[in-house]
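Below, each structure is written out as structure tokens.
You will see chain A twice below: alongside chain B first, and alongside chain C after that.
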Partner chain A sequence: MNNVRAFWATAKRELLIRCRYPDWFVAMLLWPILMPTFTVFATQALAGPDNSGGEVFAELAGTSDYIGFVFIGIVMWSWLNTVLWQVGATLRTEQRRGTLESNWVTPASRLAIMFGSGLTNMISSLITVAVSLIFCKLMWHIDLTFSPLLGLVFLLSTAAIYGLGLIFASLVLLVRELNSAVNFVRGMFMVFCGITYPISVMPHWMQTVAKGLPLTYSIRLIREIGLAGAGYRDVSDAFWILFAFAVSLLAGGYMLFILMDRIAARKGILGQY
Partner chain B sequence: MSTVNSIEVENLRRVFTRRTPRKLPWQRNRQVNGNELCVTGSDKSGNQPKTTVAVDGISFEIQSGEIFGLLGPNGAGKTTTIKMLCTLLEPTSGTARVGGYDIVREPAKVRGSMGTVFSGERSLYWKLTGRENLEYFAALYDVEPSTTASKIDSLLSKMDLESKSNEPVERYSTGMRQRLAVARALLADPPVVLLDEPTAGLDPQSARNLRDTVRSLRDEGHTILLTTHYMAEADELCNRIAIIDHGRIIALDTPAALKAGLQEMHSLEVEVDRAPDGVLDELRSLPLVRGVESHASNNGLETWTIRVLTEDSRQTLDALLDLLRASGDRVLNMKANEPTLEDVFIALTGKSLRD
Partner chain C sequence: MAKFSKWLCSQLRLIGATARKEFIIFTRYPANAVLSLIEPLMWLTPLYFMGKAFSVGGHAVGFEGFTGTSDYFSFVMVGAFMSSYIAVAFWGMAYSIEEDMILGVLEPNWVTPANRVSILLGRSIMFALLTTVQSLGVLLIGALLFNVKVSGDIFVALLIIVPMLIAIFGLGLGLAGIVLAIRRAQTAIDMSNWVFSQISGMQFPVTVLPKPLMAVALTLPATYGYDAVRSVLLGTNPLLPMKQEIMILVTSAIVMCIVGRAVFYTFDRRCRRLGTIGGH
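Let's turn to the complex of A and B:
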């Protein structure tokens, strides 16, 4: 099938181009180790030498493993960050390279091309997550239990974030500027989704905002399933909310992409930098 | 080849709307003040949309197996036309069919039946090798997988790129990139090939080679639409030429017929010792003169060449020399030429393609 072929070809193309910028590889391995570590030490300091702060924390967060708690939050957030940047910038990158039009004049499905280069971004950010987790296990002895449910939650989160990336990518086609939008969204997620603290410590209105963000549910589910050993029955509510986010964001992203592509052809801005 | 039309363009029109770039507040103020000084009473918002009519209702038909040229100066609307035909840009109005498919209603089929070579060299992946580029685009054009490898090999050898096929495109010369872009356009063996300024930026030898390639493509049965602003190129290469200016087709015929229309005309070239800007309008108003243009002579000496197209050089010459001398220009050299396509353009627009 043409679409599948175009998808794999684009993924391979992006992988080849990446491999020719080796500095990216270093960043991919180093960043996930450095990033969470500094917060972990801050958390340890707050807990105090006798870990009295840790007990209070356990009460609020539902787990005494605050390093694991913080770690999962940060890993998920930086993962979201990379995916948003990279998927959001897919079309922009092609515009800058000057290759968008040569792709667009082929009969291949434009969405297949989008998803293809998204796959490579996805894989690279998954490697980042994996490195973080391995490091976290070795260095901080966090007891993370892997289960099919955890995998499923991760997959749903991926779909939701990918949908968001698609929305960004489509908007970028029109406004040709990504930074402020991504910065806004990641700032929102950083403050509201409970990355290093349980959302119950926030004022009420902020908790309401948090409930409207998919990452809140991703982080909560992964913490509950991976750290506290919860099963499907304990988390089914959050699970289905995340599911709904994933479906609607993907569908929204898809429709917006088709729409923006049409508008871009009408306005004549495909080839502009 | 039958005489079916491969491309049919009907009253195609494209208007661009764009806002003038935003200004800083104090700049805007200054502009408003300027407007007030003009007392024209125009409105004060410095940010109103401007419209450009890039293509203004063009119609033509290209028969299968012919090389058709769009010849025009910068900004004439050539690229805009190409972009509409390859479905990157929607027409504001009008229709076009490529290989029988409507460019608005059946864009996917149009894309499948043509290859496009864009002007400029950024349309390839510079970090990939020539072969990797072709492999990638072969997948997008859905070239039969079992024959992809041999297809790529034959295109690489045809475009004389075999020795560099495994080097990244960033190490290619401009000419090599252009040949690779042509190879890419041919991957799916499309009936129609569009080339936007294929020889721009190439040295004379490479340009000649590329023109040979274009001719061989025609001989293999491809229908070719190319744009250029070199008259000699259009003259040499094209079966038919549409001369386009300000988005309109002002003449359309074979190169020979276009020139034959000027058979009774004479083209006078006068070399003078300085830029003759002042007298050009006076020259244009002489009786029988159909067009005047001037350019630096390009001979290493700082002289200028005025080109005058007249219906009868015998009657124009004397008045012309009088005018030049009266304005203080020194006439250094003079000759009469056979009309060329450039003269056709001058006759039609009163100005040069170079402007």
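Let's turn to the complex of A and C:
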């Protein structure tokens, strides 16, 4: 019960802080519209006035709906970006505010504090995805088929990315500054996961790297289930790979958090930044 | 005349001192210098593969119908090169005001008799120089990794960039005045810098934009800068005859410098009257 109270108190505090900076809210509403839209313009230019480029794309990607293809990729990447920055930077933000040590020495569960911040982040990232999808439907008339399987894939993707965010957040306790690392990881996902193109256009070694990243499977599954209407049997292999990523990243993130917390307490470095 | 040359010398000394200060700060963070080469490539590599997904044998056949060139990635690289100068206006000039506010050095600098426009110019000139080195590095890596080919007259292209740069500096000056007044502008700058580059045609020809957005694009000098430089370097079909595009760029440079300076000093006077320079 005490943990739930700590969780809610942190979530409420984060929400209050966010409400004090309305420019963040504007960014949350506009970025998910601007980023995919301008990429769609680029794909329209590549498709050409006679759609000759679009036909080439359809042969490679297996779908002639290049707008939907690109939109899903960008939306998923933007969402990953938001989660990775927000969850990964939770402890760093507390360090900079000077509140990490004082919160950490209370008897409240540290994970409850972490996940309390995470709830606000989750709500904001879900709003981002929702804005993108509504705009995508209205502007480009893309029909995304919503099904329980699609919801499950989204949930597993969330778990995988939160696990990754937890790993970054834990490392902050030890190395303190992780902006470059987060930038590098989001760049890796952008290049390797086939956000705006089928991964078959990349060299073989890059395709191998892509297979080691959870977002590759998230995007592939959402495209196949949401756009092409595939069922569980068609995508079961990718589904279970994503499941394995979700479980291992969450467990890995949790264990690393416990470990880093102990190291930070032993070394007495919580107050430094 | 002697009075003017004395004034000019003092302004040049001021610009030099501010530029030197920026350079010293830059050299203190070597990791950022490395990242400034890697990060643009991370953003550009997906565009290379996206172009490849619409290409046959390395030729973007559909894209050629819009622009006259089938080399999509060279089109993007030239766009990215020029966009980096737009970032100088938005981040190097406008955001530098907010940065000084956060560091707490804006008011101490502002109360000296130094010309404020010269302080901003010194910063942006150093930003522009560093950006040139960084962008040339990115172009070189692009040429090696992605076979970027620029075959036209580079000297003519550089001459076209000059009035575009002056116009953008004028815009940056106006924006700096706005930042002085609104104080918290990071999100607005981030978004407007990105939209400005995109809508001017950084990664696609503006002719693919819906009509209302295309009308906006045609009011921006950068659109003509991108278009003229690409036409010279890559042989793309220009929006207007080259002479007209250059005339538009030169006129924009003059108008935007005058308007930018007026906007900056209007907000500067307002802030002095209200006494808000020290707050953030």
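Simple rule for what comes next: the second predicted complex is superposed on the first by the 273 of 273 C-alpha atoms of A that agree within 3 Å, B and C clash if a C-alpha of one lies under 4 Å from a C-alpha of the other, contacts with A are read in each partner's own complex, and residues count from 1 in each chain.
Keep in mind that, in the parts below, a contact is a pair of C-beta atoms (placed from the backbone, for glycine too) under 8 Å apart; a residue touches a chain by one contact, two chains touch by 3 or more.
Here the structure is a predicted model, which is why all the values come from computation and not from measurement.
Partners chain B and chain C fit side by side in the overlay (superposition on chain A).
By the touch criterion defined above, A:I113 reaches chain B but does not reach chain C. More residues of chain A lie in contact with C than with the other chain of the pair chain B and chain C.
In the overlay built on the shared chain, the residue A:L16 is in contact with chain B alone; chain C does not reach it.
Once the two complexes are laid over each other on the shared chain, residue contacts for A:R266 go to chain B alone; chain C is not touched. Look at A:N103: by the touch rule set out above, it reaches chain B but stays clear of chain C. Contacts of A:N51 after superposition: chain C is touched, whereas chain B is not reached.
When the two structures are aligned on the shared chain, A:D237 is found in touch with neither chain B nor chain C.
For the overlaid pair of complexes, the smallest distance between C-alpha atoms of chain B and those of chain C rounds to 9 Å.
Touching of chain A by both chain B and chain C, each in its own complex, is seen for residues 21.
Within the complex formed with chain C, the chain A residues making contact are 21, 23-24, 26-27, 30-31, 34, 38, 41-54, 56-57, 60-61, 66, 70, 180, 183-184, 187-188, 190-191, 195-198, 201-202. Those residues of chain C that touch chain A in the shared complex are 31, 35, 38-39, 42-43, 45-47, 49-56, 60-67, 72, 184, 186-188, 190-191, 194-195, 198, 203-205, 208-209.
Within the complex formed with chain B, the chain A residues making contact are 2, 5-6, 8-10, 12-13, 16-17, 20-21, 97-99, 101-108, 113, 265-268, 270-271. Chain B contributes residues 14, 16-17, 80, 83, 86-90, 108-109, 111-112, 114, 116, 118, 120, 122-128, 132, 135-137, 139-142, 145, 168, 184 to its touches with chain A in the complex.
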